[in-house]
Amino acid sequence: MSEPFEPKIVAFVCTYCTYAGADLAGTSRLKYPPNVRIVRLPCTGRISPMFILKAFQKGADGVLVSGCHPGDCHFDHGNYHARRRWTAFNALLQFTGVPEERVKFSWISAAEGIKFAELIESITEEIRTAGPFEQYHKLIAETGSAASV
Amino acid sequence: MAKIGVFVCHCGENIAAKVDCTKLVAAMESHPGVAIAHEYKYFCSEPGQESIKKAVTGHGLTGVIVAACSPRMHEATFRTACAEAGLNPYLCEIANIREQCSWVHSDGEQATRKAIEITRSLVEKVKRNNELQPIEVPVTRRALVIGGGIAGIQAALDIANAGGDVVLVEREASLGGHMAQLSETFPTLDCSQCIMTPRMVEAARHPKIRLLTYSEIEKVEGFIGNFNVTVRQKARYVDMNLCTGCGECIIKCPAKKISGEFDCGLANRTAIYTPFAQAVPNKPVIDSGHCIYFKNGKCKACQRVCPTGAINFDMEDELVELEIGAIVVATGFQVQNTALYGEYGYGRYPDVLTGLQFERLASASGPTGGKIQRPSDGKEPETIVFIQCAGSRDPSKGIPYCSKICCMYTAKHAMLYHHKNHDGNSRIFYMDIRAAGKGYDEFTRRAIEEDGAGYVRGRVSKLWQENGKLMVRGADTLLGRPVEVAADMVVLATAMVPQSDSKELGKTLGIGYDEYGFFNEAHLKLRPVETATAGIFLAGACQSPKDIPDSVAQASACASKVLALFSREKLEREPVIAQNNEATCSGCWGCVLACPYNAIEKKDLTDRAGNLIRRVASVNAGLCQGCGTCVTFCRSNSIDLAGFTEKQIFAEVMGL
Amino acid sequence: MTKILYANDLTACFSLWRKEGMRVLGPVSKAKTSGFGEVQDAHELDLNLVLTARTLKELFFPRTEPMFSYSIGKQKIETGEFLPSENACIIFGARPCDAAGMAIDDELFNWDYRDEYWFRRRDRSVIITIACKESDDFCMCTSLGLAPDSAKGSDVLLRPLASGNGWRVEELTPKGGKALQPIASLLKEGSEAAAPTAEVPLLFDLEACTTWLADPENFESHFWKEISERCIGCGTCTYLCPTCHCFDIQDEGDTYEGIRRKNWDSCSFQLFTMHTSGHNPRATQSARWRQRIMHKFNYFSDKFSVNSCTGCGRCTRECPVDMGVRETLQAISTLQK
Amino acid sequence: MSIQEQYRSRAKELLREGTVKMVIGYGAGTTPLRRRPIFITSPDDADRLVLDAACRTNLAGYLLREGLLADQKSVAVFLTPDGVRTINILAAESQLATEQVIVLGFQIDGENARQLEGTRVADFSGIIAERKKKRKEQPSHEVARKLEQMTSVERFSFWEGEFSRCIKCYACRAACPMCWCRRCVVDNNQPQWVNTSSHTLGNLEWNLVRAFHLAGRCVECGNCSEACPVNIPLHLLNRRMTEEVLTAFDYYPGADEHQEPVLASFRKDDPETFIL
């Protein structure tokens, strides 16, 4: 029997809200699946769409981008800018066939440890069901094989 | 060549019980660029920190990773330890394997694998960290207080009394603000002016306070400790140095029928006037909009009678440039435009008043000398209806919030009325009575139980005039039946709203405001007097509706923040700031627009002869707060964020 | 009497080659563009094209090619090779201009060292060229000293029959002869006439051009700026040129492991000559266009005694702003007169 | 007088009066069907100008040629309404000053080129406002509609096929008037966010990043698709982005020269249905 599929999920979060929320999940000793790797940024405003593509290149099956709720940004409006970028980039990803479940966006405040744990639980499950992001993995594999002609 | 030290903390059992720390150490030892990897029970302890320091010097480490609790916990601790060992503190990063690993996963093997990946990716990041130096900025020990109401005066006095220089700017001709208009104040019923006027005088006379009345903020540039502020001192047409405040000019002024702002339109004033008898400075100003000379070029009656020749019709606005270290915003509030409530007949029926107008009626210095009389015919009202929440808590009128002071002042109004008219009837339509505060509930109880204020729980639906009475129809929701009252006067507890131009001021200052125009604090609970812009603080009702004690408390809190700032020689800021690559910048100014702090300026690139080559973005290190929004916007990757550079993040992701 | 290959037998021909372990490639049109691709059946071929949009060189010099992989451990660095296989390959239906381009690039790839990636593929491949009976407005082989039925670079030349039913087969190299052996049964003796080859007009005087280009006086001529003013600096002309061969070496991967790759590069790009200091010796697009022309008709011929242009015309045909070698050389010949 | 003659004489006049130092327009190409950009600096050369339905290229990008506008002198350009929008965006992004641009406006209706009234970009605001309205009502491209109906796996395969052909010649970038970065992100190798190799992964990254960088900036002139030598339907990506900013933010790129870039601005009530 082969090992059950364990998705690799990369989360890009702002340090003031979602990172703190993840810490709160920890101090509250909530349990969630170990599939997520967190990259800490100062603000969602700093999260570039390139990060998402590189996470996929490193074999991620899913990506989470998360920060402060609208109005709560430590930097006043970094998250409003981020939201516009996500709107455009998300539309682009879906138009090019990156399934909706592969890239998730959320607002998680420093107080929402429970929301963080539950979200990781649910997206891990969703991606586990969807299976590995094979179409992308195939492209990665091709870069390591000799030219076909 | 990188020589990274990795220090894996057991945190007692907190990490070691789940994560196989020995395995983590082994994995790190074999990782390229890692010079040493150690584990220890508590690295945050004194011996733990010592061992890190020893390793830094002993192995000549170029970077340190502490795999331990959240960076929010001990990043500062370990960075300081590194600095003490001679390593730039910004070459130390924390791998969070406790809050985000050992505490949240049940399976030890999986937790260990995750801990290895987390640590490895941060090793890759720290390899690309740069030495950063904290940014030092000098502090100008002069505060600007905007607004000369009770909050501004309090903040100014507190700062000045501690030795700080203050510039107090008030846009009206006199200090005082709304508090100067009030009759008596709840819950102690002391006379507002009696407690206010001495403060005004103290502020005006204080050697550390420079008072600029009839002045507005024109421009604010710079950053904490180093603001450059331009204030527009509007032309008064009265030379303050020559004027003695004798008042001859006011008596002679032929333009007498101007609705007085201070008395809320209940009395008239002249074109040359002092706003009220106790004004500070007590010197008149010419209202050029109403002055006959300014209107048709003839009159100058005031100039003729002035014994000191203080009247100068050629005076112009002056721009005053100030160097400022900290700013206290205390611009207060205004009373909501009652036109919103056509159903209450304000403006149509002269005896329907706002709460503030009632204050003027009840004030000993007011137009009636403190007698409660109807504006229409001067009769003493036998029945007064007070309508609470006339605007507040009404989303349909755009004001879903509670104005906080109305319950108390309505109780006070009723009380004052009953004190002055023992046979009078009061009917107060209310939604709830919100009387939280020291002595507040006792005060409203007193109004009801001792003074006979008649409270009716319900809303007023209609108001009309009939046989010289104001007919008020409402519902008594406790009895469940309609009520109709024939009143002689109606007082609306109108909502407290921000100053109509608060958003513009917010933009000038670079501070946030909410949908109504109240200024945003940095954190509602933990940083209620700071704004998100360092060095700018909020006092009083400009932040949210507040009563006098709250405003004064917040003003003093502001003063302590300002004084804490002034107690420092220099300011040190985290060097996490944006930097621009001028060689690749195309000057599209997207970053300038995206920056929440106006921290990005346009810089000319010139050749040796001084000719403009092109213009590029340039980050003002003092203003930049390090959010990185500009970095993401920049299509050419020209702008970058120290501490979270593109190279660092790339390596971190590729290390996962 | 000569050997004739009938079009009807082509599919059978392909299966015979495949039986010998040879892959068959040829011109195919797909998704509104055309190039060389592997085919099973003759119907997949698009032999009516004057010329494929993409060139033959991609089969020998792919646009991106892994050279070796590496993984860096703490103690040692491991590498792995990516040499192309030596499995034989029939390229059926190339055009003479493209085939000539391969012969020209052989010189380059075997100059200071032998490029294994190129020659493994060259050695294993047999180029069966079909002479052109049609040309379009952009063809200019004749101006470059070639012809619609040039043999240069080909192993076998096929001349279309006037009837359109097949081709007269001319064996040009031993490699070509060997490739024809497995299909010998399908090659019929016959004397059917070949269709006339396309008439490609002479567009410029090549010698006059090269003389002008060789004159150092002309290097800084205003001509270059004027002729290339509309050039937008894309890589289309170079990437679709059968002889342009510039490449860049790139390491792709993360800190632990990666692949060193050989990627096409273009002298049209500003970055091509950009120094780390920020200085760019070819700072303007006109300097870059001049480089392209000079390289093809001066520097390359200096070194290898052959111009690196076969007159396929793709540079003009595909240029987004209607530039190309043709316009430039035409203009130079006019200057000379 | 034919429109071509009218515009020739207008160009001549502009040059003769010294109003402009150059006219950027279209000239005859290698074949009768081809047009090529030409740069006229002398009134005598104005007769080389051609204006007909074959004039499709958006010429606005040529204004950004290094040094062209540095002397503060004016240049006249043949522009369609989309070309005018391009100028608006370039001005909004501080890449040029509209005072230096004289518009020779035209529009292609079927087989004919039609004259458009106006000299300065601001004169075309009415036409642009009209186009915004029409764009909102315009149905998606047929292929885009088909794509939307596919499963994501099918859509991914479609684009994988398209991007697999990309040869990274960057003709899309070179032809696009909005790609004026002094250094393109793909040319930044510290770090190398976008793989430069033209394997499908690198091609996907490049084309996604380019489309994203054009979100709210593309005027749908079609230069990129026209330039692409391997016929990747790049316009589909850009059109999708335009539709997104139009529906989500009511943003029509190039509406006027003071328009704030859509991704450098925001509204607090921007839609966010996809955010958890």
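Brief remarks on what is shown
Letters A, B, C and D mark the chains in the order given here, with residues in each chain numbered from 1 onward.
By our rule, a contact is a pair of C-beta atoms (placed from the backbone, for glycine too) under 8 Å apart; a residue touches a chain by one contact, two chains touch by 3 or more.
What you see is a predicted model; the values in this text were computed from it and never measured.
A comparison of the B-C and A-D interfaces places the larger number of contacting C-beta pairs at A-D. Centre-to-centre separation between chain B and chain C, using Cα means, comes to 70 Å.
One simple way to say how far apart two chains are is to compare their mean CA positions; for chain A and chain D this gives 33 Å. With centres set at the average Cα position, the gap from chain B to chain D is 45 Å.
Chain centres here are Cα averages; for chain A and chain B they lie 36 Å apart. Of all residues in chain B, those touching 2 or more other chains are 583, 594, 633, 650-651, 654, listed in ascending order. Residue positions 64, 252, 254 of chain C are each in touch with at least two other chains.
Residue positions 185, 192-193, 195, 197, 199, 202, 263-265, 268 of chain D each touch two or more of the other chains. Chain contact topology: the protein chains form a complete graph, every chain touching every other one.
Of all the residues in chain A, the ones that touch chain C in their complex are 58, 143-147, 149. Remark: chain C residues 25, 36, 58-59, 62, 64-66, 69, 82-85, 121, 252, 254, 259 touch chain A in the complex. Put simply, chain C touches chain B in their complex at residues 72-74, 254-256, 278. For chain A in complex with chain D, the residues that touch the partner chain are 48-50, 53-54, 57, 70-71, 77, 80-81, 83-100, 104-107, 119, 135, 139-140, 142-143.
Against chain C, in their complex, chain B makes its touches with residues 29-32, 34, 124, 127, 583, 651, 654-655.
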